[in-house]
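In the two complexes that follow, chain A is the common piece, with chain B as its partner first and chain C second.
The block that comes next holds the complex of A and B.
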């Protein structure tokens, strides 16, 4: 053991939602926890941000992945968080006005054949989601450890798949690596519908409808939440933050503090302090130091290992695998402050998740250009108007338009400073095709590129999930083997962020799992 | 099809010494060492072997990979990479080293030359640049430059090697201690360049390695051979070197062990402990690659151990399988290198033996041919702790003249 006079049991670097969740569980188990956040407020990528003109927004605008377990365990409703009481339909916008409305169990505006196929499509995805559900809130097994818990966990995974039944398991094995393109072709006719359903298979990752391997997994992660009830098929069951991201983050923060965790903002960690190859504390930019028995990083893996810890403390091949981790984001975020509610052609009710993706080719073509460092003039968008749920997010009578935009390359030829005004302009042109009068309503506008996300939120690569969510960076390989059980090759140093299993999205599972790992240390849990 | 290739020279590359080596190579037996023509033997391997034991011989080590590592982080980077403590290595000293992957399995071995606090050369028989680049990750004040083609090298080995160097008027060369590096103006009477001499080698006997700029390589050769005759100087090839190194108990990559980055089967690579390089693993120093795994192996015992075997009879135990009983029932290992040692008059071998059997009986099942007919003998082996050939003259400073 190292000789330290530790002020805390655990220090958590970063008060993103996973850091707050991790702190909360640890504090509830009696640990003395200190959370250090570089920004002026907690929340990380989910922190609320102000848009000129009195609008309040956040990078995530829905929370499909949140589970009731987390809300209950942390008693978030006691701290002002309101569970969503409605789910929003998804509307596939058609330039001609013949939109298709998608809910959890039905389609409106689609052909009879497509409507019938939709039932089977959602049935399968719901079953698959249910089969892998137990593994989100569980540390991945350590392959070849000989540890019975690891073996059991692996066995349970196989068993859960087997319990799908012969036919559905065979379908699972067949479908798991299919591109969204092939999958939607198998079930549906309508190009518009196929594009809308493809959106959820690709959003957030370096994936397009024709990309193989990772689409179904990406979709299943999004189906991990259970607040929308049993039929969780995401495209048809979107839940918004009641009160915005702010209300969830505030509740997480207050709940953690009530449990005894200490949270310091404006406390930017410069580096992890090492002693005898063990992490023993942190040093802040301003020179303050804190010591603890466990140092947990909520930052992305590259920031955690290279910036905070230093590659020289790591095994060579391990460091190389972290360096090779794919973490360049491709999603942009558009926020528009509007004087009034925008009117979309032939759409009576804008209270839904509106998709601008007329065809899969439209999405694919934007992806193709982004791959080569360019930006398409025709980008796909997922739009919600959160002020329809919560008017307090904007001045009276005003509205906020929040849109995820794909695909924006991390590195653009010529640099983002040169191209950002043009890209914003082309986004407004695209919006105008569906909502012709929208320009006249704009009070303020901002576009966040992956580069902006990286700089403003200290996430290397500006990726939603701190790293691609894909088969080779999933489960026992997230972020890579040797660190996929929240422990790392450095004694006393842990990961609790989205770069660890299960991944990104407002979920808190990585924070939960990391806390369990720390609490189990010394109780026979495997150490690396 | 238009195939673009970076190889512009057909066939084998020619070392700076090639113009002098070629006329000696009556057998025209060239092997390939890192793409360079490397003599397997010049005339007769057996005769050439005796130059390293009874007089002196030269071996062209120019194809050796040489990586110049400079910068304030150089020591820390190397120390994280290799198993010995580089911070303890003095300036103008050479240290034999191995480096391991994350699992504590040996990737390769080589020597580190230290010229200054922040100036090193790593030498190894096989390319190691990609591993070096990975190992530099996390270090900033560091540069790695490959100098393989910028330094020509000759190993001068054998009991008369020091005497020959003295005949070249290299003042003080006899004072070099084993693993020490010296710098000499060369040639002594009319210097045109600098000659770096390290008291190192791969024969286990007295010997030096001479390093010089390639454009002066032939000058070095000519000066050596102008005075070499009384000292029995002759070039020797790879086959004779292999005999000498087995006697000295030196391991050879891809013979005694497979580099960990090249094994297909995970358990076909070996730790430094398995290669009986325990003395090189410094578990007292802080984090180095493979340390955790090696600590574990030290506690739990090694699955394999490389042993030196003395075998009765004169049949060479090449490729022999080892057994626990004379009836050859339980396989416990295999011979990696074997030789009928001329200088020790012994039948010797290096062998990989299961860790559980190193203190028990070891029998070698030896196959040999007699006029094409295969015969078989089973011999009980004796484990040798010391190298088969390790003469005091190799360590003496100053070395005696022979």
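The block that comes next holds the complex of A and C.
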């Protein structure tokens, strides 16, 4: 394609972390990159937000998926990002005060049998994570294309599994389909422990402890990072953002700029410009236009194809496949600004990831209501207090409580406006059972529902991963075939967001893979 | 009796056979028939005083013959039917025609035997769905075609480098690739997703979605929203009657006719069946089996012992813990064999009416399914999770005697219903009161659609998972001998490393529905197992022809 009027080689729509990573790799390869961000600041879903009373927070609060390789490639530490030096334990809160503390290699407060089983449990999961690790940072192959590179990639997948050894390979192929319920039953006795371990298998998706097929994959995605040590089991080794999400995003932004990428904020893209069935540029809401050889969307697939591009430019079958993509969020975010450190019953040190999920039935019944668009009064949550690590996130002496809450359905019967105050109230009631004096410390509070995430962050469906993370929307089917190699049926139009392989979480792999695909254009196979 | 040497006299007649099959269910009988066909001296041991396991015809009320467990048939492999010449032994499968979904407020939607009629009927509800149904059917048939290649084959072990396993993996891989790139991607999705998500992609009518989803939960401890249920749906449409894929039929004379026909073939090959003979223990010496003991103390010897029981029973009850690796016992304990279904079988003194259906149409004779919506079905599953039977159960009603007059006298009817969900471990345990209450909930559901049904009942047999377990020997009353989830399918069935029908002890094999290809009256598990046994004995061919059919017979 030769459009001499193009001002840039690549335009990236959206400065989420994947967009920034993609821009960075492309700029480092000598491409002229322009990143357009609709919001006033970069970061997308990971952008920092202000909570009344001088608190700084962000939707994600931990960093299980980031790899050291990415930090090094982009030299993020040169731009103010500090590698986390400590990991936090997970504490399964027990209403009776007999909590269980989980670290990467041990349990505290559990029976001897459970402690012993935990070793085998983490050994297996870490081995599985290791086996599939190379595939997160790689474009998915096409199956049955006959192309040698695809065949090689599939062969490597098989080989990696086989290298697990006969026993572990067989277990991998069985366990990958197990629900968290059965998996934890096979290893452990304690209900509290089983619930706490199930949490990581289900969080972020429309999954409950009894849901088959996708739980282990969901956990393996969380084991893809290595900042806490190579493939450490993260239920026991949570890493928070040193300096808040803001410090990582600022480093990503500055590193990209230093590499030569141009970033424009308050630049909301209205549509992608087409010429001869090829994407050639973008038009902003304010009428400005930019042209480039490659247009990359960091937005979710539905926004990218229907809002930015327009269904009329897509083959009908493909449009149908994008439309059927399941992307309704299930997780909410609670932020509480507190004037002092909350005290949890029988807990000496609140510096950990605290889980309110006393049993798997508790999680399951919250899910059962969410399935029908209702919200349970007994919600499960994952709490951290980032100000214990980084006091600068709140005014002196104050603390921030940050919690992921499951399950809040995007499509709630009656609408969120009607239900939000009640849900916030019931969350505070639940918290009060574990931290009785917490209400008196609250300075400010906000609850972000999936609907809020959709509106504030322009993510259709308000889903963490821009779309359900499950086997049927994974790898060759993410977001759907025909677009799973980051290219799309429209020449010159690419995807680099969490809706593409490998999915969401602060990881940057989709951005990395998309950049590689663009740099390899011409070498790779065409999409079907 | 002691002798001068302190031993039992050597001439005590301990009977000795080439092979013993434990359990005269249809798979056990099929297995025995093939072993006998290859010339082995075979004995089948059955704990009940009748054969057939869950494929039986029993006169439970004078004048009415009940197919009181399995009640319809589609998976029975045609090649086995032909190969064992089962028609000669009286087997006749009669397709039963239409399936109608009866919804709330008198609505109905029918799958006729005639596609054009089905199209027209769906169109009454949604023109869009009528068109989508054509696509839906085409897509399902593509997936069926793939799976059908694998039914009569032994699953390869993907962790093995043995030439045969590699050859089989390549065979499977090629069939998979033959589907073409797009169908491959769609199949991967289909295999792992939920029935509700799958159906939502095609249809908008609640009644149609709910009706089609019923096949995804029958016998399964999962809900329509649970990932993995789309495959269960396929399991219920991949069978055939005389090559008509997706068609269901009834065995004339009740489902026992299938067991009896296979038993007939077995006996003609010289095999023997002993009823009232419950096996207590597998005899093992030096990691080799040499027979079994019965609960009455008798000992019967054989070099080969095949268990048609589920792996939980096999490895935790009749095999001594010291004879198998502790890891295997653990696998058996973890094996998922969950009771989720109940049944009510009725002797009726007249033909019930269903006012919602057009009078005198073929629909009044077909299968009737009482459904409402996906959500209502999922709520039924939520009840099961909470150890209750579904307050609004899914009920499938089959009017068997309309198609098979041998089951009841003229004017009388045998009707069987299948109910989802009914827990094995109901809160507080099953007792008569709970059983009655469960039955009432089902009869009330039927009564909503048929005002005269209740008055016609001469006798009702209520079967909760507890009865299925105690009578048939299916642990927890699971009709498939184990959940049909990916972790328990193909090379994972019943568990990794044991999917090729061989047990951990030499001479010991498995042949029940807990092995590949799983539940349903298919005879495939029994036949596949026999093929492996004969391979080990180097007797898989007689006069150059394979004893057990393997090749897919294209339909």
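Just so it is clear, the second predicted complex is superposed on the first by the 517 of 528 C-alpha atoms of A that agree within 3 Å, B and C clash if a C-alpha of one lies under 4 Å from a C-alpha of the other, contacts with A are read in each partner's own complex, and residues count from 1 in each chain.
As a convention for this text, a residue touches a chain if its C-beta (ideal position, glycine included) is under 8 Å from a C-beta of that chain, and two chains touch if they have at least 3 such contacts.
What you see is a predicted model; the values in this text were computed from it and never measured.
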Which superposed partner A:440 touches (first chain B, second chain C, both, neither): neither
Chain touching more of chain A, residue-wise (chain B, chain C): C
Chain B versus chain C as contact partner of A:306, first or second or both or neither: first
First, second, both or neither for A:145, with chain B first and chain C second: second
Partner chain(s) touched by A:171 [first = chain B, second = chain C, both, neither]: second
Contacts of A:314 with chain B and chain C, given as first, second, both or neither: first
Common ground on chain A, meaning residues reached by chain C in one complex and by chain B in the other: 528
Interfacial residue positions of chain C with respect to chain A in the complex: 158-160, 177, 180-182, 184-185, 188-190, 192-193, 197, 200-201, 222, 225-228, 334, 336, 375, 378-379, 382, 385, 485-487, 491-492, 495-497
Residue ranges of chain A in contact with chain B within the complex: 276-277, 306, 310-320, 323, 482, 489, 528
Residues on chain B engaged by chain A in the complex (per definition of touch): 76-77, 80-81, 101-102, 131, 134-135, 137-139, 286-287, 289-290, 292
Footprint of chain C on chain A - complex, ascending: 142-145, 162, 166, 169-171, 173-178, 182, 185-186, 210-214, 324, 326, 364, 368, 371-372, 470-473, 476-477, 480-481, 528
